[in-house]
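Two complexes come next, and they have one chain in common, subunit A, joined by subunit B in the first and subunit C in the second.
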Partner chain A sequence: MTRTFTRYFGLMPLLVALTGSAMAQQPPIKIGALNVLSGSFAAYGKSGRQGAQLAIDDINASGGLLGRKLELIQVDSQAKPDVAVQEARRLILNEKVNFLIGIDSSSVSLAVAPLTKEYKIPLVVMHAATPALTEQCNPYVFRTSNNARMDAYAAADLAAKLPYKRWANIGPDYEFGHSSWNDFIARLKEKKPDVEVVGEQWPKGGESNYTPYITALVQQRPEAVFSVLWAGDLVTFVRQANAFGFFKQIKLFEDPVGAALESIGPMGKEAPIGELFSTRYWFLQSQSPVNKKFVEAYHKKWNEWPSYNAEEHYAGVQMLAAAVKKAKALDADAIKKAFEADGGLTYEAPEGKKWMRPADHQVFEALVWGYTTPSNDYPFVVLKDITMVPEKDTVYPTKCK
Partner chain B sequence: MTGLASAASLFLLAVGLSLIFGALGIVNFAHGSFFALGAYFLFALTRGDAAGFWHYLPVAVAASLVVGAVVERVFMRRVLNRAEHYQILLTYALLLIIEDVSKICFGADYKSIGMPKGFEMPVFVLGIPFPSYYLGLVGLAAAAALLLWLFLHRTRYGTLVRAVAQDREMLEALGVNVPLLFTVIFALGIGLAGFGGAVSLPLQSISTGVAVDAVISAFIVVVVGGLGSIWGTLLGAILIGEIQAFGALVLPEFSIAFTYVLMAAVLLFRPWGLLGRPPAVRT
Partner chain C sequence: MRTKLAVAAVVLAVFPWFLHDYGLQVAIQALVLGVFAMSFNLLFRNTGLLSFGHAACFGAAGYTTALLVSKLRWSFAATLPLALVAAALVALVIGFFSVRLTKIYFTMLTLAFSQMLWAVAHKWYGFTGGDNGITGLLPPGLLGNPKGLYYASLVALVLVSGIIYIVRRSPAGYTLRAVRDNPARAEAIGISAFEYMVAAFVLSGTLSGLAGFLHVAWQHSAFPDLLYWTTSAEVIIAVILGGSAEFFGPAIGAVVLVVLEAVVRSHTQYWPLALGMVLLAMVLFFPSGVISLFQRRQREEVPRAAA
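And then the complex of A and B:
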C-alpha cells in the first residue's frame, strides 16, 4: 500500500521538475559503496568512504547529475566475498542502487563482478588491485585505480635505474604478494639481466611476528628488498625491522602502497628514513589547482590529510560522474559506451591524468615513488626526491577487445 | 634468539587463556580481544608517545584487571555451570562487541608506539644486531612465569586456585568464597592478556582485527602445550617461537605450515597437549 502510494507520489515531483522546479524533489541517483569498515583493514574503508562522500557532496553542491542529487549508500564488505555478494545483492534489489563502487579486497572484487552482468549494474572498482579483475573483460566492470601488475612493472622500471643487484623479497603469502613479486622480478631481469635473487620470505597476511623473516633476510645479505607488505603488516614489519638495525644495511623498496597515510601515520617519527616508498597518490606531490582544492576541502571536512584510498575514491566517483554526464543516462550499456568512447574516458584527477583503456576498462595513471624523509610540518614522514613513473611505463597488453 | 623473543610474547598472550581454562573450565574466545584492549589502553594513556611507556604500563595492566573482573561478574558468572557451547557463544559475542566498541573508542587506524625508554638501540650479539627490547620482553615474560608459579605453588591463595580446578564443590564445602576466587582468576588471566598486549605494542601494530589472529595463536600455543598447564604453555610458546624462527631460515616457503604441522602432530599423538593431563573421568 504505502509503497504504491509513494511511487505515485514520487511521480508528482517529476512533473514539477519538468516544469523547471527544484531538482531536490527528484529521486536521487543511488550509489552503493562496498568498503571494508571492520577488521584489520577498516582504516582503508574509512578513508575510501570519506573520499567518495566528498566527491558526492561536491557534485551535489554544483547541481547534481542529470538534474538529480547523488546519494551514497555505504555498506561493510568485511573484506569477505560471501558477505560482500550478499550485501551487493541487497543494494541492487532492495536499495535499487544505480551503481556499485568501492571494493578494497581483491577476492571481494572477483566475487562481486559477476553480479554486474546478472543485474546490468555497472561496478567501478577503486582500490582492489588483482590484475585478474580487468582480465575478465567484463563489460560492466571498470577500475579507476591501478592494478598490482602496473604497480610491479612501474617498480621494476624504477629499480632497473638503481645500482642494486642483490634483491630479496618479503611479501604476504597470498595471491597479491606472489603475483606482485613474480611480475616485478621478471620485468626487472628483462631490463637488467645481472640482478640476482638471494631470498624470498612469505609471512602470512596479518602476521604479528616478523622477526624470523627479518633475521633470515639480514643473513641473506641483499642490497635491496622488494616488499608489498601493506596496512598494519607494514607497520609491524617496519617496527621490528627497525629494532634489528635492518635499514642500516638494506634498502627497502616498498611497492605499491607503502606511503599510504594509513601505514606511515602509525609509524610516526620512527618510520625508516631514506627508504623508497611508493603510493598511488601523494597529497603533497601535485601542485595543480585541482589537487590543492581537493586536499584543502578534504582536510576541512574530515580533519585528516587525504590518503591514496581517499583520493582514489574521490577521483573514481568523479570519473563515474563524468561518464554519466557524457552518457546522459544511467543504464549499464550507456555508461559502458561513455567510458569507452573517443579512445577511452580521461579525467583530470587531483593526482593527475587518468585514462581508461577501452578494451579492458583499466585506468592507467602515473605512480609516485619517493624517499622517506622526516618532516616538521606533519606528524609522519613525507616523500622527497619524488619520481613519477609515467603511465606509459605501466601499460601492458590486454586480450580484451 | 629471536625465537625466544617470539616465545615470550606468545607465552604472555596464551598463559591467561590456559589459566582460565584450567581453573574455570571456560574456553575464552574473547581472549585475543583483551590482548588488544591492553594495547589500546596503553596507546590511549601514552597518546602514542613511547616516553610514557613504563609509567603507564602498570595502569594499562590494572585497567585490564578491572575489565576482567567486571566481565566475570557481569557475564561469565551466568554461564559457568552451563554447557560449553553457551560459554563459546558468549565469549565469541564478547569478541565482536569488544571489536566494535574499541573501533568507536579508539578509531579504526593502526596503533603502534616506538621502543620504550632504555631499549631504543639494538645490542650486538656475536656481531649481529639484536633488538634490546626483545631481551627485555624475554625478561618480562620470564618474570611473569616465575611470579605466576610462585603464586600458584607457594601461596595459600594459589593453592586454592589449583584446588578449585580439581574439586569446586569440596572447596565450597570447606567455606572458601569460590565466586570471589573465580573473579580473581578470571581477572588475573585477562590482566595477563592485557599485559601481553601492552608490551607487544612497540613491536606490532594493533587494529580492530588483531583479536582474532591473537586468539588463534593463543589456542595453538595452549593446544600444543596442554590446556590448563602453565609450564605447558611456556613449552608450547618456546616450541612455536623457535619453529617459526628456524622455519623461516630453512624453508621460507613453508614457514607458516610448520606451526600447524606441529599442532596436528600433537593433536594426533597427545591430544591433551605435551604437558597437559589426559582427561580423567569427572564425577
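And then the complex of A and C:
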C-alpha cells in the first residue's frame, strides 16, 4: 500500500513538470488582421498594424491569454473586397486563426462579415465606418470604433452650437461621403431649422484636381463647409484650397478623421489654421495614466506618435482580449456572450471609456473636435480649444435585438 | 491526346477528396477563372480581337444573380438562365459597336463600355448598393457546399471547352479565322465579317457570364470590382501565362496564376511585384505561355523517335 502510494505520488513532480511544459508549448492564439498595406491608404494600415502589435506585445508580456501567447498574422486587403475575402478565407482555413480583426474599408468590412457565420469566427472591426455593418445584426461581428452615423450626428450637435447658417458640402463620391452628409445635414436641420444648404460638391475618391470644386464652393459663398474628405484626398484638397484663399472666407468643418496624423502629417506647414477638425482620438487630449503610458510605449516602439487608427487598433485588441478573459474560451458564441453580458463590455481605453451596445455590437465613445493650431513641438498642426462630444450624443436607436 | 484528357479528367474528378479546405477554395477559384479565360480566348484566338471589356459580361451575369437573389429572393441556381441572358445582351451591345473597329480602337471601346457599366454599379446606391456591394448571398444546397461548387465549376469548364471545341471545328470557326487572317479576302468571297465577329463576341461574352455566376456563388457577394477593368486584365494575364494558341492554354494559365498567387501571398505582401516579374519573364522568354515549356520538349522528342 505505502509502496503504491509512494510510487504514484513520487510520479507527481514529473507529471506536473510534463503538464507544465505542455502548457508552455500550447499553440498561440492566432489573430488575423486585414489592413490596407498598399496604395493610397497604406499609412492607415501601417498605424493600425503597429497599434495592434503593441497591444499583443503588452498582453504577451503579462502572460498571454488563457495561458497562451498571442500571435498577429497581418495581411494586405488592398482595400478590395474580393482580395480581402480570399485573404480572410486563407487566414481562417490555412492559418487557422481564432479571430479576424482590423479592416479599414467599408466595402471590405461588408464583404468579410458573412464569413463569420459561415466559419463561426468572430470579427472585430476597428476602423471601417459604414453604419450598414452593425445594422446587419450579425452575431459574430463587433465594431470597437465609431461608425460614420455616430460621427455625423456628433458633428451636427456641435455645428448646431456654432453661428453658421449657410452650409455646403464637399465629400468623396461614394457611400461614406453621401451617407455622412445626409446624416449630418438632417440632424443639423432638426436642431437648427434655419440652416440653409447652398451647395454640394462630389469629387471622386482619389481626385487629383479639386480646382473646379473649390471655385464652385467659393462662388456659392457658404459660411461653413462640411467635409468628410480624408487621407490623401484631404491633403490634396487643402493644398489646392490654400492657393484659392479658400480658408480666408470659409470655415472648414472636417468630420470625422481630419485630424488623423496620416493626413495632417503630410500636410505639415500647409495645414490650414483655425479650422475645426475632428478625430476619433487625439494623443495629446487625455491626461489619464492609461493614455500617457500608451503614447509613451507607442512612441518608444515605433518612433512615431500614435494616430487615431493606431489607438483604435490597440484598444480594439485590448477589448477583444478582455472578452476572451471573460469568456475563458475562444469559440464565437462564448466571445459573443462575453461582449454582450452585463449590459455590454466596457473598456477604459487611452482615449476614454468604450462601451459596446449588446444589441448591435457597436461601440460608443466620445469624439474629439478642436481648432487647428501651429505647434513648435510637433512637425504638424495640433488641436486646441478641444470639445469632447460625449458618447451619449452619438447614440442612435438600433433595430437589432 | 485522348488518354491525356482522360487522365486529366480522372485527376480533376477525385482531386477535392485529397485537398484541405483552403486548397479546395483555391481550386474553385482556379476553375472559375479557367472558365472565364477559356471563354475570353474563344474571341481572342478565333478573331484576333483583344477585348478589354469582358469584365462587363462577367460582372453583368454576377450582378444579375446577386440582384435576383437579394431583391426578389430567387433561388440561386434559378438565376443562371437570366444571368447568361444579361451577359449575352451586354456582349451584343458592346460587340455591335466595337467589332467595326480594329486593334487598339476596338480594345479602347470595349474598355470604355465596361467602365461605364462599372460606374453604374458603383454609383447607383438604391439599386446595386454602390461600392458597398451586395453581400450575404449564401447559395443553398450543392452550390453552397465547397465540394459541390467545385464539381459545378468543373462541369462548367468541360461544357465551355466542349462548346469552344465544336465552334473551332465548325465551318463558322473556319470562317472566323479566315476573317481574322484576311478580312478583305473574306469579304470579297461574300462573308459578312461583321456578323460573324458579333456572334463570336456574344458567345464569348455569354460563356464569360457563366464564370461570373460561379464567381458570385463562390464569393457570396457582388462588388463593382467585378466590372472593373482589373477583372478584364486578370483574364488577359491568365491567357498570356497559359498561352492563347494552345486549346487548354487559358485554363492552365488560370491555374498557374491562382496557385501562384495563393502561394506568394502566404509568404509575402508583395504579390503584385511577384506577378509583374513573372509576367515580364513570360513575355520575354516564353511568349507562347507556360504550355510551351512542355511542348518544346515534345517537339524534340518527335524527330528523335522518327530517327
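Going forward, the second predicted complex is superposed on the first by the 377 of 401 C-alpha atoms of A that agree within 3 Å, B and C clash if a C-alpha of one lies under 4 Å from a C-alpha of the other, contacts with A are read in each partner's own complex, and residues count from 1 in each chain.
Everything that follows uses one rule, which is that a contact is a pair of C-beta atoms (placed from the backbone, for glycine too) under 8 Å apart; a residue touches a chain by one contact, two chains touch by 3 or more.
As the structure is a computational prediction, the values presented were derived from the model and not from experiment.
**Student:** Looking at A:197, would you say it contacts subunit B, subunit C, both, or neither? Reply first, second, both or neither.
**Tutor:** After superposition on chain A, A:197 lies in contact with neither partner.
**Student:** Quick check on the superposed pair: does A:93 touch subunit B, subunit C, both, or neither? Answer first, second, both or neither.
**Tutor:** Once the two structures are laid over each other on A, A:93 reaches subunit C alone.
**Student:** Is A:267 touching the first partner subunit B, the second partner subunit C, both, or neither of them?
**Tutor:** In the superposition, A:267 touches subunit B alone.
**Student:** Does the superposition put A:212 against subunit B (first), subunit C (second), both, or neither?
**Tutor:** Only subunit B is touched by A:212; subunit C is not.
**Student:** Check the residue A:334 against both partner chains and state whether it touches subunit B (first), subunit C (second), both, or neither.
**Tutor:** neither
**Student:** Now for A:175: first (subunit B), second (subunit C), both, or neither, which partner does it touch?
**Tutor:** A:175: touches subunit C, not subunit B.
**Student:** Please indicate which partner A:85 is in contact with in the superposed arrangement: first for subunit B, second for subunit C, both, or neither.
**Tutor:** Touch partner of A:85: subunit C, not subunit B.
**Student:** Between subunit B (first) and subunit C (second), which does A:111 come into contact with in this model arrangement: first, second, both, or neither?
**Tutor:** Only subunit C; A:111 stays clear of subunit B.
**Student:** Please work out whether A:38 is in contact with subunit B alone, subunit C alone, both, or neither, and reply first, second, both or neither.
**Tutor:** both
**Student:** Residue by residue on subunit A, keep only those touching subunit B in one complex and subunit C in the other, then list them.
**Tutor:** 37-38, 173
**Student:** Mind pulling up the subunit B residues that touch subunit A in the complex?
**Tutor:** Residues 2-3, 5-6, 9, 48, 99-100, 103, 108-115, 122, 128-131, 133-134, 200, 202-210, 213-214, 217, 244-249, 252-253, 255-256 of subunit B touch subunit A in their complex.
**Student:** For the complex, which residues does subunit A have touching subunit B?
**Tutor:** Subunit A residues touching subunit B: 37-43, 45-46, 173, 199-204, 206, 208-209, 211-216, 218-219, 231-233, 235-236, 239-240, 242-245, 248, 262-263, 265-270.
**Student:** Going by the contact rule at the top, pick out the subunit A residues touching subunit C in the complex.
**Tutor:** Residues of subunit A touching subunit C: 37-38, 74-76, 80-82, 85-87, 89-90, 93-94, 106-107, 110-111, 113-114, 118, 130, 132, 136, 173-175, 178.
**Student:** Over in the complex, which subunit C residues touch subunit A? Could you list them?
**Tutor:** 20-22, 25, 29, 122-123, 125, 130-133, 135-136, 138, 219-221, 223, 225-226, 262, 265-266, 269, 272
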